[in-house]
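A, B, C, D, E and F label the chains in the order they appear, each numbered from 1.
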Amino acid sequence: MTVTPLLKRDYLVKLARNGRRVDGRGFEEYRDIKVETNVVSKAEGSARVRIGNTQVLAGIKMDIGEPYPDSPDSGVMSTAAELIPLASPDFEAGPPDEESIELARVVDRGIRESELIELDKLCIEPGEKVWVIFIDIHILDHDGNLFDAASLASLAALMTTRVPAERFELGEDYPLPLKDPPISCTSVKYDKVVVMDPSLDEEDIAEARLTVATDKNGDIRAMQKGLNGSFTVDEIKKVIKASIDNGKKIREQLYKSVGK
Amino acid sequence: MKSDVKLFENGRRLDGRKPDELRKIKIEVGVLHRAEGSCYLEWGNNKILAAVYGPREAIPRHTQNPLRAIVNARYNMAAFSVDERKRPGPDRRSREISKVISEALENVILVEKFPRATIDVNIEVLDAEAGTRCAGLTAAAVALVDAGIPMRDIPVACAAGKIEDQVVLDLGKEEDNYGSADLPVAISPRTNEILLLQMDGHLTVEEFDKALDLAIKGCHIVSEFQKKAILEKYRHIPKEVG
Amino acid sequence: MKSDVKLFENGRRLDGRKPDELRKIKIEVGVLHRAEGSCYLEWGNNKILAAVYGPREAIPRHTQNPLRAIVNARYNMAAFSVDERKRPGPDRRSREISKVISEALENVILVEKFPRATIDVNIEVLDAEAGTRCAGLTAAAVALVDAGIPMRDIPVACAAGKIEDQVVLDLGKEEDNYGSADLPVAISPRTNEILLLQMDGHLTVEEFDKALDLAIKGCHIVSEFQKKAILEKYRHIPKEVG
Amino acid sequence: MTVTPLLKRDYLVKLARNGRRVDGRGFEEYRDIKVETNVVSKAEGSARVRIGNTQVLAGIKMDIGEPYPDSPDSGVMSTAAELIPLASPDFEAGPPDEESIELARVVDRGIRESELIELDKLCIEPGEKVWVIFIDIHILDHDGNLFDAASLASLAALMTTRVPAERFELGEDYPLPLKDPPISCTSVKYDKVVVMDPSLDEEDIAEARLTVATDKNGDIRAMQKGLNGSFTVDEIKKVIKASIDNGKKIREQLYKSVGK
Amino acid sequence: MTVTPLLKRDYLVKLARNGRRVDGRGFEEYRDIKVETNVVSKAEGSARVRIGNTQVLAGIKMDIGEPYPDSPDSGVMSTAAELIPLASPDFEAGPPDEESIELARVVDRGIRESELIELDKLCIEPGEKVWVIFIDIHILDHDGNLFDAASLASLAALMTTRVPAERFELGEDYPLPLKDPPISCTSVKYDKVVVMDPSLDEEDIAEARLTVATDKNGDIRAMQKGLNGSFTVDEIKKVIKASIDNGKKIREQLYKSVGK
Amino acid sequence: MKSDVKLFENGRRLDGRKPDELRKIKIEVGVLHRAEGSCYLEWGNNKILAAVYGPREAIPRHTQNPLRAIVNARYNMAAFSVDERKRPGPDRRSREISKVISEALENVILVEKFPRATIDVNIEVLDAEAGTRCAGLTAAAVALVDAGIPMRDIPVACAAGKIEDQVVLDLGKEEDNYGSADLPVAISPRTNEILLLQMDGHLTVEEFDKALDLAIKGCHIVSEFQKKAILEKYRHIPKEVG
C-alpha cells in the first residue's frame, strides 16, 4: 500500500468516527439507484443499472441445449461477469480472475439458490432439449459496490426477458417464468464502522465485506463474507437487518423499473 | 453473399435510405466516471462504448518502446451483442480488428510525446448490427479527444459497399449479409489520407474508385457528428465551471 | 433442494446423528516429509491433506507486498475424490473457495512479520463428501501450526444448515443435496470473530441466528480436536529428542 | 528501435530516392517465384512456394463434419497459419499472435470471399455431413512478403487437392471443385515510395502495407491495409493497377505449376 | 547450480567411490516400500504407495464413453499425473509441465504396452459404448523416484478396482480384468556409479536415468532413458538385470498388498 | 500391436527390405536462408526440416543458467503431416519427444562455452511415417553442425524393433503399427554411448541385446549419411568463395 491510500484511510476513518461518510451519506444509506431496461436490442432481456457512478449492464441470451443429466426436466442457467478494462484503470484484459469469478458466483448463487427462475418450466423435451439462459454481466464503470449493481442489473434483465420461442419455431415469445427476486445488499467494515453500499474509496480501505440477499418476506436467501477482516456476531445481525430494510426499497424501485 | 432478398428498389434501400445516405448517428462524450476519456455512440442499431486510459507506463517493461507510446486498442463484443451468444473473450476476428484500429489510431496520436507509455483504448460493442469496426474507431477517436490525448487530427471511419450492382454508403444488416462487397475505410479528415482500408467481396476497379470516394464522403459527414458532440460537451463546461 | 427423502425422523438424522452432533473427526499432524507443516484430516467421509510451505520470497516480484506476507491458499480436489471424475486443475468453484480460505487465514497469521514473503497453503481433497471447505480450512490451520507460522489464534470452521425446518450441525451428503440451507462458518475461537461465512438456501432471520450460533458451537468442538492433535504430536517429541 | 534499423532505413531511403531497391529490382517487380506441388504425401494437396528466399508450405487435409447451421448445404473451410520459430529468429512458439492471425484471416478471406472453393458442391448429406477443408500454412523461411507467399501456396495446394472420397467409402477421389483463383499482391510504402513484394529489409522499415487480391478479369476480390502509416487515394489506385498487372503474371505461373 | 548442490554432489560422489550411499543402502537396494489399497471411498480403486519418504496416491475412476474409431471394440484408458505443490517446494500450480507429462506418459506406456488391462473385455456396445478408465496420479510427498512410486500405485489401484456396473445398470460390479503387471524399476547414474531407487538427493545430482519395466517372465515391457547424461551398453544391461531382480521382489509385495 | 498382417516372409519384410536394412535416407544441409543452421532430411516417407538459432541470450532471464547454455529442442508435427489432421500446437507426445531430444543433444553440445545462452533447435515434421523422433534428432544434429555449434560428436539416432519374433532394423509404418516392439536409440557414434533410449512392447533380454546391437549398427550407417551430407556442402564452398 502506498502513501495515498494510507492518507485516504486516515481521512475516511476520522470522518467515520464522527458518524460521517465522505459523500455525506448515512452509514446505511445507498447512493442514487437508476435502472433502465431493454437497452440492448440483440439481447432477450437487458438492463443498465447505476448506483452512484457505478454502472453495470446485464444482458440475457437464450438458446436451446441439453439439460444436466441429474435434472433432465430443468432449464439451465449460466452466469459470467467480465471486469473489462473499460470500467477501471485497474482491470486487465484476460481470462476471469478471482475477483470476477467471486462476483459471478455470488450473483449466480443469489439467483440459483432463491430459485428465482422457474427452471422446471423451461423444459422442452425431458432429457433432450431445454432452454439455456446465459446471464452476462458487463461492468461499465467501477465506482464501488459491483456486487449489488451486478445483481440488480441481472434481476432487471431477467424480469424483462422474453423467451425467444418464435426464433426456434416453438410458438409465441413469452416472459421468462420468475418467482420473487432476492435483493442483494452489500456492506463493508473499516475501523469498526460498518457502512452499506460502499463507494470505491470505501472499498479501497475496507477490511471485511458482507453481502446479504433477502426476499420479500425478509428471509435470507444467500450470504457471502469477503476480505481478510472479521465481523462479530452482532455486526452480522445488524447488517442483516439493514439489508432487509434497504432490500425492500430497492425491490420497490426494481418493480417500478420493469413495469410491474 | 447472394439471395433472393431485394436490397434496392426505386432508388431506395430496404430501410428507405438513398444510396449515399448514412444510418442515424448519435454521439455522447464523457459518459463514464472512471475513464480518462469516453464516448457513447449509436450508429443505426450499433451501440458502442469507448474508454481511454493513459498515457501511463507500459507494463510489463519489455513491452515499452523507448521512443514512443504504444497504442493498444481492444475491440470487444459483449456476449449479448449478437444474435447467437458470443463466448466472452477475444476471438480471431476481434483480435484482427483490434490490430487494424490500433494501427489507424497510432497514425494520428502524437506518440513520440510519450516514450515508454501505453495509451489504452477500450471499445465495447454492446449491440452489433453491421459496421461495428467503423463505429468503434469513430467512438474511440472521440474518447481520445475527451481524454486530452494530443492528436494531429481526429480520425473517422465509414464504409461503402455494393448491393445489386449499386455502390452505396454505410451497409446495414441485410445489406452486409446479402450485398456483394464491403469497404470499411478510416481517414484523417484534414488530409484525406487512408488510415484503415479493408475490402471483401467483388468490385471492378471503377466500382472501387466510386466506393472509396463515397466512403471518404461518408467519413466527412461522420466527422461533423464527432466535432459537434465534442463541442457540445465543452460548450457546457464554462457554465458549470464559471 | 427438494425431494421425497426423509432427512429427519424421531429426532435423528439419516445417519443416526442428533441435530447438534458432528460427524466423526480424526486429525493427524506432521504427516508429510517435504512440507514444512502438514495435516491429514478425516471428517465423516471427507479426507483432506494440507501442507504449508513458507514464509518464502514471493515470486514473481511484482506479487510481493512490501509491508506483509501474502497468504496463498490453494484448495484442490483430486480427480477421483468425487462421484463423477473431476477434470484436474482449478475450476471456478475451487478458485472461489481458495479465495475465501486465503482471506480467512490471512486474518490470524501475523503477516506483517514477513514482508515480501508468501505463505503457501495447499489443501488437497482426496475424498469429498459435503463440507470440504470447512474441513480444508480446519486442516490448513493445523498445518500452519505444524509449520511454526506465528498466528494470533488457530482458526477453525464448521457448517450448520437446515433440513426439513430443523436447524442442524454439520450437514452430511444427503443433507447437503436435499436440505434447504447450508451455512459454512469459520471463526477465531478465542474471540468468536467470524472469518468466513457463506450461505446458500433459505433461512428466516430467526433460523439464521440459531444456525450461526450452532455453527460457532461446532467450531469450538472442532477446535478441541485441532488442539488435541497438535498436543499429541508435540507430546511425543521430548521422548524422541531427549 | 535500435541503431541498425535506423541505418538500414537511411540506406534504403537513399536508394529509393534514386529509384532503386537494395536487390536491384524495379519498384513493381517481384523476386523469383517457384511453386512446387504435391510435396507432402500425407496431405490431400500441398505446395511449397518460394518468393526469393521466403518459403511457405501449405497443406490441405479434408475430413467429414457437420455444416454450419446457417449454410446446411455447404462444405466448411478453415485456415490456420503458424509463424513457427523455424522460420525466423523473431518468431516464438506458442498460440497464434496478432500477426499470424491477420495473415491467416487475410488468406482465408481471399479464398472465401472470392468463392474460389465451390463449397455448395461439398455437401454429402444436407444439414448432416459435409466436407471440411483445413488449409494449414507453415512458414518455413521468412524473408519478407509472407502474405503473398502464403496465399499463393494455399492456392496451389488447393488446386492440386483431391477429395479423399475413397477413404470415406464415398466413391472415387476427385479434384476439389474450384473457380478461378484470386491472386494476392502486396506492396509497402516507406518515405513516400511504394514497392511491391517487399523483402524483409523493406518490411522492417515499412510505414504502410496494402494487399490487393484480383481475379482474372482484373476485378478486386479482397484488400487489406496494414501498419500505422497512411496511403493517399492516388497511391491506392496505383497499387491496384500494379497488383492487377503482377497478378496476371503470377496467375500464369500458378496455372503452369499445377499443370493447367 | 548454486554451491549447496555442488557440495552435496562432492559428498555423494565420495561416498559412492567407497561403495556407499548416503542412507547406507547398497547400490541396487530399494528403500522400504509400503502399499495400502482402497484408501479413497469415491474412487473405483485406489492405492497409496510409500517408497521411503516418497508418497504417491493413485485413484481410478470409470465412466462409459465412446471407443476410439480405430479400436471400436476396446475400452479406453487415460493417465494423468499432477505434480501438485503440496508435494514439494519446487512444484508449482498450473498446467502439467514437461516433467509431469513424461511421468504420466511413462506410467501410461508401462500399462498400455504391456496390455495389463484387458481392454477388449471392456466393450459394452461395439463402436458405441465402452468403459473408460481414468488413472489419476497424485504425488503427495516427493523424496525421489516418482516413476516407480507412481507406477506401483497405479498398478495397485487397478488391481483393486471394481468395474462400477451397478451404477450404470449393467449388472453387478466385478473386478477389472487384468493380466500380469509389469514392474518399473528406476536407476540413476552419477560419476560412473549406477544406483537404483534414487532418493531426491541422488536425483538432484543424477546425470542419466533409466526406467525398466519387466514382467513375471523377466521380459522387458517398457524402457525410458532420461536426463542429458549417457549410459554405456554394459551399464544398460546391468540395469536390466537388477531391474528384473528387484521387479520380482516388488511384484511379490504388490500381490500380497492387493490380497492375491 | 497384433493383426493378421504378414510382416515377414521369405526373409523379406513388407517393403522388400532385409531385417537389417534401413529405409532410403536423403540429407541436405543449409536449406534455409534465415536459420543459422538447417537440414532437410527424408527417411523413408518421413520428411523433416530442422533449423538452429543461437547461441543467443536466453529470455526471459530467469530461464538462464549462469554456468551453461540451455538446449531447447522443439519437435513439432505439421497439421497435414499425418493421416488425420493434427491440431496445431504441442501435445503431450510432442512435448515428451522434445524433452528427450533436448536431453540427448545437450550431452554432446559444449554447453559450458555459452553461459546464459539458449540454443534453439526447431524440428518440423512435414510428412510422418514411423520413426520421426530418430529422424528428427538426426536432422537436428546436422543442423547444429551447419550452425557451427561446437560439439563433442555428431549424435545420430536409429530404431530397431521386433516383428513376428524377428528383430529388425528401422520399423516402417505397418511394422510400427503391428509389430511387437520398438526401440529408438540415439548414440554418440565415437564412443557408442547411449544418449536416448525408449522401448515399447515386449522383448526378452536376449532379443533386447540383439535389438540394441542392431540399432547401434543402424546409427553408424546413418552417421555416414550425415557426414557425407555435411562434407558435400563444404566441398562446394571453396568453389563458390574462390
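Here are some notes:
By our rule, a residue touches a chain if its C-beta (ideal position, glycine included) is under 8 Å from a C-beta of that chain, and two chains touch if they have at least 3 such contacts.
Quick caveat, the model's predicted, so the values are computed rather than measured.
For the pair subunit A and subunit B, there is no chain touching both partners.
In this assembly, A is the chain whose CA centroid lies farthest from the centroid of subunit F. In whole angstrom, the spacing between the mean C-alpha positions of subunit A and subunit C is 27. Subunit A and subunit D have centres, each the mean of its CA atoms, that are 49 Å apart.
None of the residues of subunit D touches two or more other chains.
Because contacts link each chain to exactly two others and close back on themselves, their graph is best described as a ring. In this entry the chains close into one ring whose order, counted from subunit A toward subunit C, is A, C, E, F, D, B. Interface of subunit F with subunit D (complex): residues 32-35, 45, 47, 49-51, 53, 56, 74, 76, 78-85, 88-90, 120, 122, 124, 126-129.
By the touch criterion stated above, subunit B contacts subunit D in their complex at residues 1, 65, 67, 92-93, 95-96, 98-100, 103-104, 106-107, 183, 188, 191-205, 208-209, 212, 216. Residues of subunit D touching subunit B in their complex: 1, 96, 98, 101-102, 104-105, 109, 113-115, 210, 215, 217-233, 236-237, 240-241, 244. Subunit D contributes residues 39-43, 46, 53, 55, 57, 59-61, 63, 80, 82, 84-89, 93, 95, 134, 136, 138, 140-143 to its touches with subunit F in the complex.
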